[in-house]
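Take a look at the structures below.
Note that chain A is present in both complexes that follow, paired respectively with chain B and with chain C.
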Partner chain A sequence: MATKIKRTLLYIALTLLAICCMIPFALMIINATRTGSEIANSFSLVPGKALADNWATLSSYFDLFKGMRNSLIVAIPATLLTAYFSAMTAYAMTVYKFKGNKLLFGVIVVFMMIPGQLSLIGFYDLVTNLRLVNSYLPLILPSIAVPGTVFFLRQYCETVLPMPLLEAARMDGASELHIFHKIVLPILSPGIATMSIGAFIGNWNSYLIPLILLNSPDKFTLPVMIASLNSSTDIMRNQGAIYLAVAISVIPILIAFAFCSKYIIGSITAGGVKE
Partner chain B sequence: MDKKIKPQKKKDLNRTAYFFILPFVITFLVFSVYPVVRTLYLSFTDYKGFGVPDLTWLDNYARVFKDKFFWRALFNTVRIWGVNIVLQLGLAFLLTIVFSDIKYKVRGLSIYRALFYLPNLIAATSVAFLFKTLLDWKYGTVNQMLVGSGLMNSATNWLGSTVTAPLVVAVISAWMWFGNSFIMLMAGVQGINKDYFEAAAIDGAGRWKVFAKITVPLLKPILLYVTITSLIGGLQMFDIPFLMCGGTIGNPSGSTQTVVMYLYKFGFETNQVGFASAIAYALFMIILVLSVLQFKWMNKKEK
Partner chain C sequence: MRARKISAMLMAGAMVLSLTACGGGTDKTTEAAKTEEPAATEVKTEATTEAKTKEAAEEETDAEGNKIAVAGNQDAEQKLVIWTLSNDLKQFAGHYCENHPDVQIETVVIAPADYPTKVQAAMRGRQAEPDIIVGEPQMLETMYEAGYFEDLNQEPYNAQDYADQEVDYAWQIGQDADGIQRAITYQITPAGVFYRRDIAEKVFGTSDPEEIGKLFADYDTIKTTGQTLKDAGYKIFASEGEMNYWAGDSAWVVDGKLNVDQDRKDYMDLCVYLYQNDMTAYVDAWSTTWYNAMAGEIPVIDADTSVWDDAAMAEAEKSGNTTEVFAYGLPTWGTLVMRDNVKDLSGQWGVCSGPSYGFGGGTYIGISALSENKDLAWDFLKSTTLDADTLNWWVDVSEGDVVSFLPVLEQHKDDENQVYGGEKLYDFFLKQAEGIDTSRITKYDEPLKKAWGEAITAIKTGTMDEESAISNFYDVVESTYPELTVER
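Entry: the complex of A and B
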């Protein structure tokens, strides 16, 4: 009996904690439908009727859908490049014996430890010298080389790739690239999918690098656009519009999470936990 | 016939390997290695963002060392991270105890896990704006709720005091990251060989003893991993305080100015690029030393 009561208390505590994780988003969605003065006067869990007005206010400041499109233009190619080239590199490091393999692995491990901000200044300097400021290329191209993803997929290759199958394909005269595309990629796809979701969310949410590289508002990605709310003081008076802007930036991720939370959770432990 | 082909084939295979890793290696050299080396070089110069940099060797580092605002920024960052890691790991640990308990057998791990992890998925910019608006002194929903329910007599200016502003940043960071830590710890528990638990049960060990003698020691590597990654990430904190606390100033009176905000100020606002580079390397050295110390400490405790 005591066990039963304690268990119930545990569930209540857990549910309260879960509510703590959700309530800011709930308030965000509710407040997005209320007028600025309603929000300023009292708090409510009942949605208001000002959604359309807030939307009109918001869209007079900027085009959030454009920001979303810009974010997709960066995040989709970046994710695809990470997925394809990480798999290719990891595969080559696992199945071929070549000079420099160990060195490459060592460098990858070291760069996984190096904090990203260390290279921020040098990276900006490089982009300036290449005259690529305000271009999406320096946001996309570096995704070809993501050490953490290669590190994970290399381990993954070691556990899932059936060497005899590859050998058999080679005997049949299949070219190495053909083997990679037709046999290796499909076998690796669960691991690649896991890493890709993580990569996509990382790219979609990225703020600091786009902030320093993009300087024309029509190129702003969604986080940079949302952050530019800070400087437009007029809109700060209308909290409803701010909540709406934040809600629009958050809802796609919430929807994505509802459908593939399993993969997302899988991607967290993939990088860290080793047997 | 086989024997004839093999040496040639082997050579081809090696060549294929280089062809396969080439895109990675080139991109890596250009966009990862070069910027790190370039930043190091610039840290020895008086580079202002244009023209030819003049070598000043260790001048920037001497300046960083003597700069009380750098140390203040470091102190702020460590303080925010410290509060955050205690909350984050404490909560994650508690949840791990609950979900791995053999007596209560709490269900619904995957649902709770997903909900706890949700805040981590949202862009820091959106989180910052959401909380900045919710915590607004005069019109914020949080104050309305606290005053309305009688928990507080008058509205608190959360982001206006040097005590509460860093605390708010720390709590938001913990809110964003405890689910992540919990998932890591829980994965660690699930990775522990069931035989240990069965053997302990046969020996009649109580659940707290099992937890202290089996679960915690075996979780140590993951605990270390979570803490170090959190430290490396935490010392680079930027988005949340930058967006919630008035840009690189770190309002009020610099109490939320982190090292990377300080770096950003010199690198991208006042164009003292050489100095900013030295700040980056000073931060890197500190992260390196702390990681090594932490690693040694955790290993020592194990013995």
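Entry: the complex of A and C
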């Protein structure tokens, strides 16, 4: 009886928490169906009737799917690069013993603490001198070196990578790259997937750097496009459209998350060595 | 294998996305078609039917103009790039290209908060793009000092020749500290007091703008007016900050010294007085109830009720006490905000003068000093700001934006605005604009105004007494702008 009451209470508490987490999302979706003045005038959980109007407003300003495409062109390669190269760096730093390893790690930790906005102007100057303004390359290539991900994966390597397995592979004559691709990557995949979610969301939502670096509206990524709705003269009417745009732009993140979280859970149970 | 799996799934995800993208694409046309239906069914009287369909038609054309980032013929020889912070210029660009088939114009709209950063980065990189940049009054001084704008007084522009065709104050804001013309605007934005004619008739026996203007002639009179309205069961304002466009008759900064004169303190007193004597609806400007009050009755709430809280609002409504708000203080573009929110009270509003002369906002257009298409840019600038045909077109398209070009203002002098009881608003705002003194604009205005507003909030809600709130304000200024001398 006592456990039953306890469990009921627990479930009530968890349900409440779940509702708290869902309400902002629900509000976003509901507001996407209401007019700007309705949103300003009252707070409601009942969907409105302005979805079509909002869509018309939205598509009168820009092509949302073009923005989505642009964002994907940036976010997918950037995420893949982050995942692959960070794993490689982390693996090397854990397994190989070389001079300056500790120092390198220290440098990585220090760089982790510098906020990106700080180096914005220097980065812009660099990009201008390389004549890469208004191109996606400066948005994608820097993701090869992400200190935060390397830091996380290095710690992860230390805990999950069984040295005997690597030694066995080496004895069987596998090349170093082969070992990394065939043995290390699969073992690290849960960690990589976790970091990839973060990297994908970060790239997808990135606003300031694309805003500064991209000049032609055709190349704008989604967040930059959506922000331009704010600058119209008729801000009130656009509120609903902004909500709609944001609601739609969340979909790829949901897909990425659904896919990656399944992967994490699946891989945590499947280790490389049976102990 | 795993890596291949990942990429396979990513591809699948991308495919799913592009599928939804296509699905959305086909929906677009049907949904766009649907939008016209509610517009047609909602209307009640014939007059509004006409207005609505006209509006819908205009919206459609606007929409088309907005969507295209590049206006004009894609193969056109000459190309102009505009970076702007409001959508207006996109429409102007479309209009310009209609008359100039050999030109294409790319308009990039950037959110106002990030606009200075974006322009600064491009200028640092010494980029030839954009050709045309814009600024709002509070950004301009910094942009002039940094040398972003081309000198428009020199050959071949000779902007000074047009000085007498523009409203003085708007012309002067376009000049840098040395009086050199750097930017020109197409609109003026003087502020007026928007008031309810029916309430005025009941309480004061007249709804004449001249007479009502006298009730807002100075801060003390406003206090008395507020009391009269309170006795009659109305609130003078929705928020106590409605007079902020007329706050202070002197510059915030004089010769590098912070200047807080008696008028600022009087304005502070006024806000606190209105709030503490129950003369406002206790809401913030641009909040829910603030908008609702434009259309009539709103529930009476006290200072502790949060207007964002549904339950508390429902309770306040249940008490059955409602009140109505008499007046708002807004710049020219407020006429459009009001028009969209007054609902049944259309025609019951009027506009009169405030305690002094004030203005808010405005987009000023200039040529980038690094542009390689300066001649074309100047031609566009001239046609947008100094051309009677374009500006007449703009008056129609914008449905009542007040332009800064005097010949066009003269032409529309007798236009009557039915939302405001047939008042001749162009004439009214022109008179307001004549009184504006631009010498008190500084680049510090916006942040200082905000900090002063925070001090007022602290005093009116009783979290700080006047002395400590003001001293707190001085602290904020000193730490934010070390270059300013602060005399306490």
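Keep in mind that, in the parts below, the second predicted complex is superposed on the first by the 201 of 275 C-alpha atoms of A that agree within 3 Å, B and C clash if a C-alpha of one lies under 4 Å from a C-alpha of the other, contacts with A are read in each partner's own complex, and residues count from 1 in each chain.
Heads up, the rule we're going with is that a residue touches a chain if its C-beta (ideal position, glycine included) is under 8 Å from a C-beta of that chain, and two chains touch if they have at least 3 such contacts.
Quick caveat: nothing in here was measured; it's all calculated off a predicted structure.
With both structures placed on the common chain, the touch criterion links A:230 to chain B and to chain C. Of the two partner chains placed by the overlay, neither chain B nor chain C lies in contact with A:110. Applying the stated contact rule after C-alpha superposition, one finds that A:93 touches chain B and leaves chain C untouched.
Once chain A of one complex is fitted onto chain A of the other, the partner contacts of A:215 are limited to chain C, with no touch recorded for chain B. Applying the stated contact rule after C-alpha superposition, one finds that A:168 touches neither chain B nor chain C. Taking chain A as the reference, the larger set of touched residues comes from B, when chain B and chain C are compared. In the superposition on chain A, A:43 makes contact with both chain B and chain C. In the superposition on chain A, no contact is made by A:12 with either chain B or chain C. In the superposition on chain A, A:125 makes contact with both chain B and chain C.
Applying the stated contact rule after C-alpha superposition, one finds that A:52 touches chain C and leaves chain B untouched.
Within chain A, the residues touching chain B in one complex and chain C in the other are 40, 42-43, 120-121, 124-125, 208, 212, 227, 230.
The residues of chain B lying in touch with chain A in their complex are 12-14, 16-18, 20-21, 23-25, 27-28, 30-40, 42, 91, 95, 98, 103-104, 106, 108, 110, 112-119, 121-126, 128-131, 133-134, 136, 138-139, 141, 144-145, 148, 175, 179-180, 183-184, 187-188, 191, 222, 225-226, 229, 232, 235-236, 238-239, 243, 247, 260, 263, 267-268, 273, 276-277, 280-281, 283-284, 287, 291. Of all residues in chain A, only 37, 40-43, 49, 51-53, 55-57, 59-65, 68-69, 72, 76, 80, 120-121, 124-125, 128, 133, 181, 185-186, 189, 208, 211-212, 215-218, 227-228, 230-234, 236-237, 248, 251-252, 255-256, 259, 263 touch chain C in the complex they form.
Residue ranges of chain A in contact with chain B, taken from their complex: 3, 6-7, 10-11, 14, 17-18, 20-22, 24-25, 27-28, 31, 39-40, 42-43, 85-86, 88-89, 91-93, 96-98, 101, 104, 107, 111, 113-126, 138, 141-142, 144-145, 147, 150, 176-177, 180, 201, 204-205, 207-208, 212, 222-224, 226-227, 229-230, 239, 242-243, 245-246, 249-250, 253-254, 257, 261-262, 264-265, 268-269, 272-273, 275.
Those residues of chain C that touch chain A in the complex are listed here as 1-3, 6-7, 9-10, 13-14, 16-18, 20-21, 24-25, 27-28, 31-32, 34-35, 38, 62-64, 66-67, 69-70, 81, 84-88, 106-115, 117-118, 121-122, 124-127, 129-130, 286-288, 291-292, 308, 310, 333, 336-337, 340-341.
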